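The block underneath contains the structure these notes are about, expressed in structure tokens.
Labels run A, B, C, D, E and F following the written order; every chain starts at residue 1.
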Amino acid sequence: MIAAVEAPVALTSLGAHLPVLPILLPLLFGAVLLLVERRGIALQRTISWLGVATLTAVAAALLLAADTGTISLYLVGDWPARLGIALVADRTSALLVLTTTLLAGACLLYACAGWDRRAIHFHALFQLQLTGLNGAFLTGDLFNLFVFFEVMLIASYGLLLSGGRGPRMRAGLHYVVLNITASTLFLIALGLLYGVLGSLNMAELALRTSQAGAADLALVRAASGILLVVFCTKAALVPLYLWLPNAYSRAPAVVAALFAVMTKVGVYAVLRVYTLVFGDLAAGGEAAALAGWAWEWLLPAGLLTLVLATLGALASKSLRMLVAFLVIASAATLFVAISLGTAAAISAGLYYLVHSTFVAGALFLVVDLIRRQRGAVGDNLDVAGPLRHNALLGLLFGTAAISVSGMPPLSGFLGKVMLLDAVPADAVAWTWSVVLVTSLLTVVALARTASQTFWRAQPWPQTTPLPAPPSRIQVAAAALLLVYGIGMTVLGGPIMRYTDAAAAQLLAPADYVRAAHGATPQLREPSP
Amino acid sequence: MNAALEYLLAALLLIGSGFVLVGSLGLIKLSDFFKRLHGPTKATTLGVGCILLASIGHHAWLGDGFGLREILVTLFLFITAPVSAHLMSLAALRIGLERRPPRPGARSGDPRPENPDRRRG
Amino acid sequence: MEFALASLIGLLTAAGVYLLLRARSFDVILGLTLLSYATNLLIFSSGRLVIGKPPVLEDGVATTLAHYTDPLPQALVLTAIVIAFAMTAVTIVIAMRSRSDNGSDHVDAGGEGMP
Amino acid sequence: MVFQLPLLLALPFAFAVVMLVWRPASRRTTAWLAGIAPLIGLGLLAALTPAVLDGSVPQSIHPWVPQLGLTFSLRLDGLAWMFALMVLAIGVLVVMYARYYLSQNEDAPKFFGYLLLFMGSMLGMVVAGNLLLLAIFWELTSISSFLLIGYWSRQNEAREGARMALTITGAGGLALLGGVIMIGQVVGSYELDAVLAAGDLLRAHPLYPAILALVLAGIFTKSAQFPFHFWLPHAMAAPTPVSAYLHSATMVKAGVFLLARLHPALAGTELFFYVVTSVGAATLLVGAWNAIFQHDLKGLLAYSTISHLGLITMLFGLSTPMAVVAGLFHILNHATFKASLFMAAGIIDHETGTRDMRRLGNLRRYLPFTSALAIIAALAMAGIPLLNGFLSKEMFFALALEIEGHAGMRTAASVVAFLAGVFGVAYSLRFVHDTFFGDGPRAVDREIHEPPRFMKIPVEVLVVLCLAVGVVPAWTIAPVLATAAHGVLGDAVPEYSLAVWHGFNVPLMMSLGGVIGGGLLYLGLRRLINLHAVARHAFGRHLFRVNTRALLTNARRFTFHVTDGSLQRSLWWVLIALLAVAGLPTLTALGAGAGASQPMPALGWAVWLVAVAATVTTVFLHRKRLLALLVVGAVGLAVSLVFVLMSAPDLALTQLLVELVTIALMLLALNYLPQQSVRTDNNARRWRDGAIALVIGAGIGTLAYAMMTRPLDTVATELLARSLPEGYGRNVVNVILVDFRGFDTFGEITVFGIAGLVVHALLRRARIAADEVVPGVADPLPMPSNLSHLLFPLALAVSVYLFLRGHNAPGGGFIAGLVLAVPLLLQYVLLGSQHVESRLGFDYVRCIGIGLLVAAATGVVPMLLGYPFLTSGHAEPRVPLVGELPLASAMGFDTGVYLVVFGGAMLILSMMGTVRPPRAPTGKAVPPAPAPAEPTNVEPA
Amino acid sequence: MRRLLTSPPLSLAVLLLWLLLVADFSPGQLAIGVILALLLPWLAGLLEPERAAFGRTIALLALTRRVLWDMILSNIEVARRILGPERALTPGFVWIPLDLTSIHGITALASIITLTPGTVSAELSEDRRFLLVHCFNLKDADVQIAEIKTRYESLLMEIFP
Amino acid sequence: MFMVAAAMLFSLYRLLAGPSVPDRILALDTLYINTIAALMLFGMQLHSTIYFEAALVIAMLGFVGTVMLSKYVLRRDIVE
């Protein structure tokens, strides 16, 4: 009795639903996990793995589909894009979804070594977090972006705090309050945008921005400014990064590793919104004044963040703090890349984004493994007993350190070379000096840490029991992330071809808008 | 008929609003908590009742649809008002706004309006 | 009317921001609550202020903005209210835990500072 | 394309991995494994040698990241061939030597593994045919040398030396990378062939100085040129085989290799000439002079290495073809004699237990054979005729005298060359005399005897080479040198002769003078001051330490200052950023064009007044929490009245309900929080915060006003028009929520559900002390609870009503869910949680899960039918007796909403209501631990 | 039947409420109403600590009428007092001894006392034998007690035996 | 209408001025009831029954806030 079954073209194949699946699947699995929570951890793990496995398949399929260059639109509820909510999968979002999924696999592996028993609702929250992340990457609607931000954030609160105590609570409180403040600002910006432009669909907004009058543009400019602050808070850019080191360094390793992708959401949002909505679509007219203003702020801010984060890394007194600052530095590098605004630089940024997600995740895991071998000293950079399994941990840490500091030959190096290579002539002096000097300081910090951690030792006190050897699963998880990085190095060529194409796609917002308008509902009337 | 109804409604409205106003006025004017408690809990309740009656008539008359649903509102108010009043007075007694008279074996409820210990929360 | 609402939004924002900057978790939560009021009103006002034209369709009335107010901001505010509530709940609980674990309800309590 | 090259490169890495993974137990196996790699490598090299000698360049190119211009291209020209030969050959000898050098209890696989890694990196750098690839391997040598130098990681010296080396050479590597990328941008390719061919283009380019500076920074740091030389002596903390390898033939030669490699591309300008020559000269002198005053054998050798590298650098700086040939020649010579000297020093160390020349002496009696070898090598280092060092040094003298066009430079270079000769002889003499002659050894705790046979073989081989080259250069070294020179210079290789005897000429005189002067200097110094008593401070290390420490301290201080972990600080910055990015630029532009305000009814003003007054009071009362909460309740009420006034009944309802639940939450929480806020901040801070709050508020208000008074142009008309025919609902807000933007709602309920889960997770195992416990038992307050019983079923009915009506009138799943939750909450309040939960065992977590599934299921069904997720359908089945029952599929979705909202809200409330007190012996509340000293609020900078 | 219809008055109330709410007496709504009327009291009954037992229903009507009338009368009285000078007021507490035993009865009484202006029931003693009432204008406590007992309690005794 | 508005303001005064907590609770309670009146009046003015649900919900559940607040004053722990 459903109204019109005789639709012209039915979305019968699963492939047609690809853009919604990365959001829907983890949600379903998360809900199922809630129902089976009392049936033991084994079942939960199975379901969780099933979820991540299917998600990986879907994400890979999505990437392949996006790589043909088509921007696939998915009209949720079959409403035209401007009325309802449209999901948009282009190269960039597909890439990020796949990155998230791959990272999630490793994190899940690590968690299955035991953390998932300690943290209540871990598996459900984990899946729901994936829902939020993928939703944020795939949505084509600004308000929907907000909603998925919130899904992602609230799940992250749970993951961060479940099973935690003391200082973690305080860090969590900061994290939560700051994010709520940012969300509030986000809403204010959305209200202004809707009030002035009368739509929330990104493509529609882009179109309307380009036709707006001067007085309206002042408001749009204000809204876009607020949005920038919001996204940069999430992405931890100067001066909004202060919350991150504490939050991340207090987080359980697996969560911190998963969070490696959270700062990237902010970066992605900047990239998406400021290329599309406030991008150069106007190409003349009054809206042209709006185009690109954000980059002028982002470049110096990114460079400054890079410097400060590196100083922070040098100043760190604990391993996890060090890694947290390195995460900021990598996000800052990303900002530098994308704020240069050229296709090559954005491509470098995308490559670096994926790289830094993996390597930051890996570092958090490795550092946790090390911490567990250091007895009471934990991750404080004090002298501890000789590290058992020195070689294995050293190899893991070394690989991650080389990668994160941009030393050759791993992915960090390739990313950095791409970035340096892409810097336009007028920005070379500053950008190069900052990027190169901070690389050096990162190397110094990491060498110091490695030397403190792996080389300096005092004998174990007789009374202390030796720590248990690291679990194989956990080592495997950390190694998996490093292998991703190595894969990115070896496959640098194909990946860069993809990111080049993705960057070109980002810089041609007209195609996106056309795709959004061209998408016709199946059985409903298209919008006039 | 219409005119009469109209007058009736207007009167109800006036009375209702009047009660509401008086109830709140009592809130301002009276000097201690238990006196104030009386005004709102019922003057207002009744006032609202009147207004609701007027509303029923009004909507019926204007053809917005006749319904006794407003009665429900009144009903609920009648159920809930005592509960809140009761609890509020309990609370007031609890923090000692007024000394409660001794529990009677033989009742000796000699009320003394005394200076209440105005402890702020 | 617009002025009244705008001034209210401004005032709520100011009050919220001020409380947000206090050092105690409960004050901060109050500040967030006020801020969320301000936000909700602001989003709401993006559909403009219309008295007495709720977006519930009646027969025989043309479905235009002349007869009904803009429903979309209302839907957005609804979503925003719900989300704000969820966030408030979580924040409150974290504040409770933080106070219990760290022995003080100062927002920075229990940390040995950075880094 | 030749397969040997990649294989050659892969071998050391592969063996290193095998070694590190397999970790053979026996040292013999380990050493064999480590030796096989370079041996096979030598074989492969030999296979390629004929081609190279013929002047062709075997290549192997694989694409890697073509967009970057990064290819995995390997290229074996003469220069690369010479270096590869050196790396591999000396590598074999070092492995052999190390087999006996390492003591039984040391981790041999690790050592050889690292050594092979280093060897591979070095080889890679040498044969790289792409500049980026070269830079990669360049940095790899830094990394692997870091591991090697720090091998004895328990020693402070080793760790520091390793870090120092990594820092300095790493910095150089980054500079080099920058230079390389610039070259690539100028030339348009990183391929070596292209770059070498584009010398003129490069030299003429405006970026040339920058390129040169960056590339030279890399070269100078790697080759330990003044003023970056100081890391090298500290790298001596490495095991001696490592020193022998790194500081004779490989690591430090990487710098001069690059100098030679890029010679065609970069050399030939005045700038190049002056910079490189003078840096080389300075290094030459500084190194040589310092070498005289070292007490440590390896320290002396290290400074001598610095000095010889300075010499080579200076030669390349001179830039004439002849100088290049001489430079290459000296590279080879230095590698042979220095490697043998290091090994000899290692043997001495091994046998005597010390390398301190103040404790050594007269060793020729104990180690006659080793002494002989070492003395010959030292003489080669001093440049005594018939040894290889003499030949290249004489070439150097000759070249210094022949500098054309720079008269001043010529004089200076000649003086430097002569002085270097003098110093060189002096420190060589000191090495020989203090170690092998005179008295001693002193304070040695073991019996000294010759080392094992095979430990000496590498030294013997090298010394024989020194001799052979020195005596018959034309038969031994000439072809190698020619090939290498061809690799650098192409067809521009000059005529030169490698004879021992060129007749009496100025260079020979200088050599003689040098020998005599050196002898006199050494003796004179011995006479004048007690050489043994001279204590040299490692100024460079001091500087490095001071700088590093300063960097760390400042970083720490700064980071502490900026990120003190204060929430207030973070928020403050957010606001400042907001003002800077969004506020100031816009508000100035906003000014004109605000439309007029509509008139407002009286009720509106009353509501406005309530809201404003309550808000202001909240701020003033905020420290009295309960009161503040009450007043906030009034604000919430006023806000919902605003919604009522402005035609938003759904919102008003939701706001009211949420308000109630929020108050409940806050009250529950207040039980566990202090009742009052302690005031910790000072007045200034409050004024400051107040000011920024007002500014932000004014800004937002202005924006809001400007927005509201603009004409409206939205998609709303379309929404209104399509709501009934396509969304089947009259309440457009609800239709938007469950249909148009159902996906938002989906996310929203997910948030709500997760909030419940988070609260559950946070409180399930928590034990929290109440702030204040009111004595007395809980009494269920019979009277109100009784009345509320009457209310409860009625409320349920209303909830169902609101739920069903939602699509056409205000209501809907969310509101209904809360209407259900609030009375239940009331039951909790009035009856106590235990009572309620014992009678109404409800698993709220599952309720959330089911709700989510139901909502998702309504979305998935259309997918199965071939429509997008959440496409709504509509049906009006006729049910007997009941009549037409309008059923929109959105109803199913709303059911999910209903369940999630109910479950989430109840989960939150019931968890908060059932927090357990901490396990304490008494039933009384435990006062929370005394707060640690309140963190002082540091004002942000 | 007893199990199905846990509390007939409550069910009736729900049904009435439903019909009033939807303002539609079609069979469909009636059916839904009946279902709810059966279901909801059962749900609520799960929570109920003490089950109400009803006596005479006629008395209920009489009581309702009386209460409504009293409300209007005394409201006017209170309004006058509020508007009048405050000095004329002599508020005070009075403990009313109860003859009612059913908690439902007491509840009803307390509600009525509160609803009729001039009096607010403030506290029930722990043994449920006395009710503390605050009077807006207490002239003679005994008169007040007697009035309450005769006007309301006696009728309530009939309803809740 | 004016009267109700005035009534609300009176309640507001008591809410803000106190002096005691129950006073404020009472004021808030009154404010809720006033709101119902305002809603009904408003509905009449607009010839709309759309606000009925809101009024109903306030009537039914508005007192829950009062109950909770009172309980808090009484026992601190509102759910025991």
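Throughout what follows, contacts are C-beta pairs under 8 Å (C-beta built on N, C-alpha and C of every residue); 3 or more make two chains touch, one makes a residue touch a chain.
Small disclaimer: the values here were computed from a predicted structure and weren't measured.
Chains that touch both chain E and chain F: B, D. Graph distance from chain A to chain E, where chains that touch are one step apart, equals 2. Comparing mean CA positions across the assembly, the chain most remote from chain A is E. Among the pairs A-D and B-D, the greater number of C-beta contacts is found at A-D. In this assembly, E is the chain whose CA centroid lies farthest from the centroid of chain D. Spacing of chain C relative to chain D, judged by their CA centroids, is 40 angstrom.
With centres defined as mean CA coordinates, chain F is found 11 Å away from chain B. With each centre defined as the average position of its C-alpha atoms, the distance from chain D to chain E rounds to 74 Å. The distance from the centre of chain A to the centre of chain B, with each centre set as the mean of the Cα atoms, comes to 57 Å.
Of all residues in chain D, those touching 2 or more other chains are 559-560, 563, 565-567, 571, 601, 605, 626-627, 645, 649, 670, 700, 704, 707-708, 712, 714-716, 719, 740-741, 744, 748, 751, 754-755, 758, 762, 781, 783-784, 787, 790-791, 794, 798, 805, 809-810, 912, listed in ascending order. In chain F, the residues touching two or more other chains are 1, 4, 6, 8, 18, 21, 24-25, 41, 48, 50, 56, 60, 62, 67, 69, 71, 73-74.
Residue positions 17, 21, 110-111, 121 of chain E are each in touch with at least two other chains. Under the contact rule defined at the top, the touching pairs of chains are A-C, A-D, B-D, B-E, B-F, C-D, C-F, D-E, D-F. Taken in their complex, chain A has these residues touching chain C: 143, 147, 150, 154, 157, 161, 165-167, 169-174, 176-177, 180-181, 183-184, 187-188, 190-192, 194-195, 200, 245-246, 249, 312, 315-318, 321, 325.
If you check the complex, the residues on chain F that touch chain D are 1-2, 4-6, 8-9, 12, 15-16, 18, 21, 24-25, 28, 31-32, 35, 38-39, 41-42, 50-51, 53-54, 56-58, 60-62, 64-65, 67-69, 71-80. For chain E in complex with chain B, the touching residues are 17, 20-21, 23, 71-72, 75, 78-79, 82-83, 86, 89-95, 97, 110-118, 120-123, 125, 130, 132, 134-136, 138, 141. Interface residues of chain C, counted against chain F in their complex, comprise 52, 54, 56. Here chain F touches chain C in the complex through residues 45-46, 48, 50, going by the rule given at the top.
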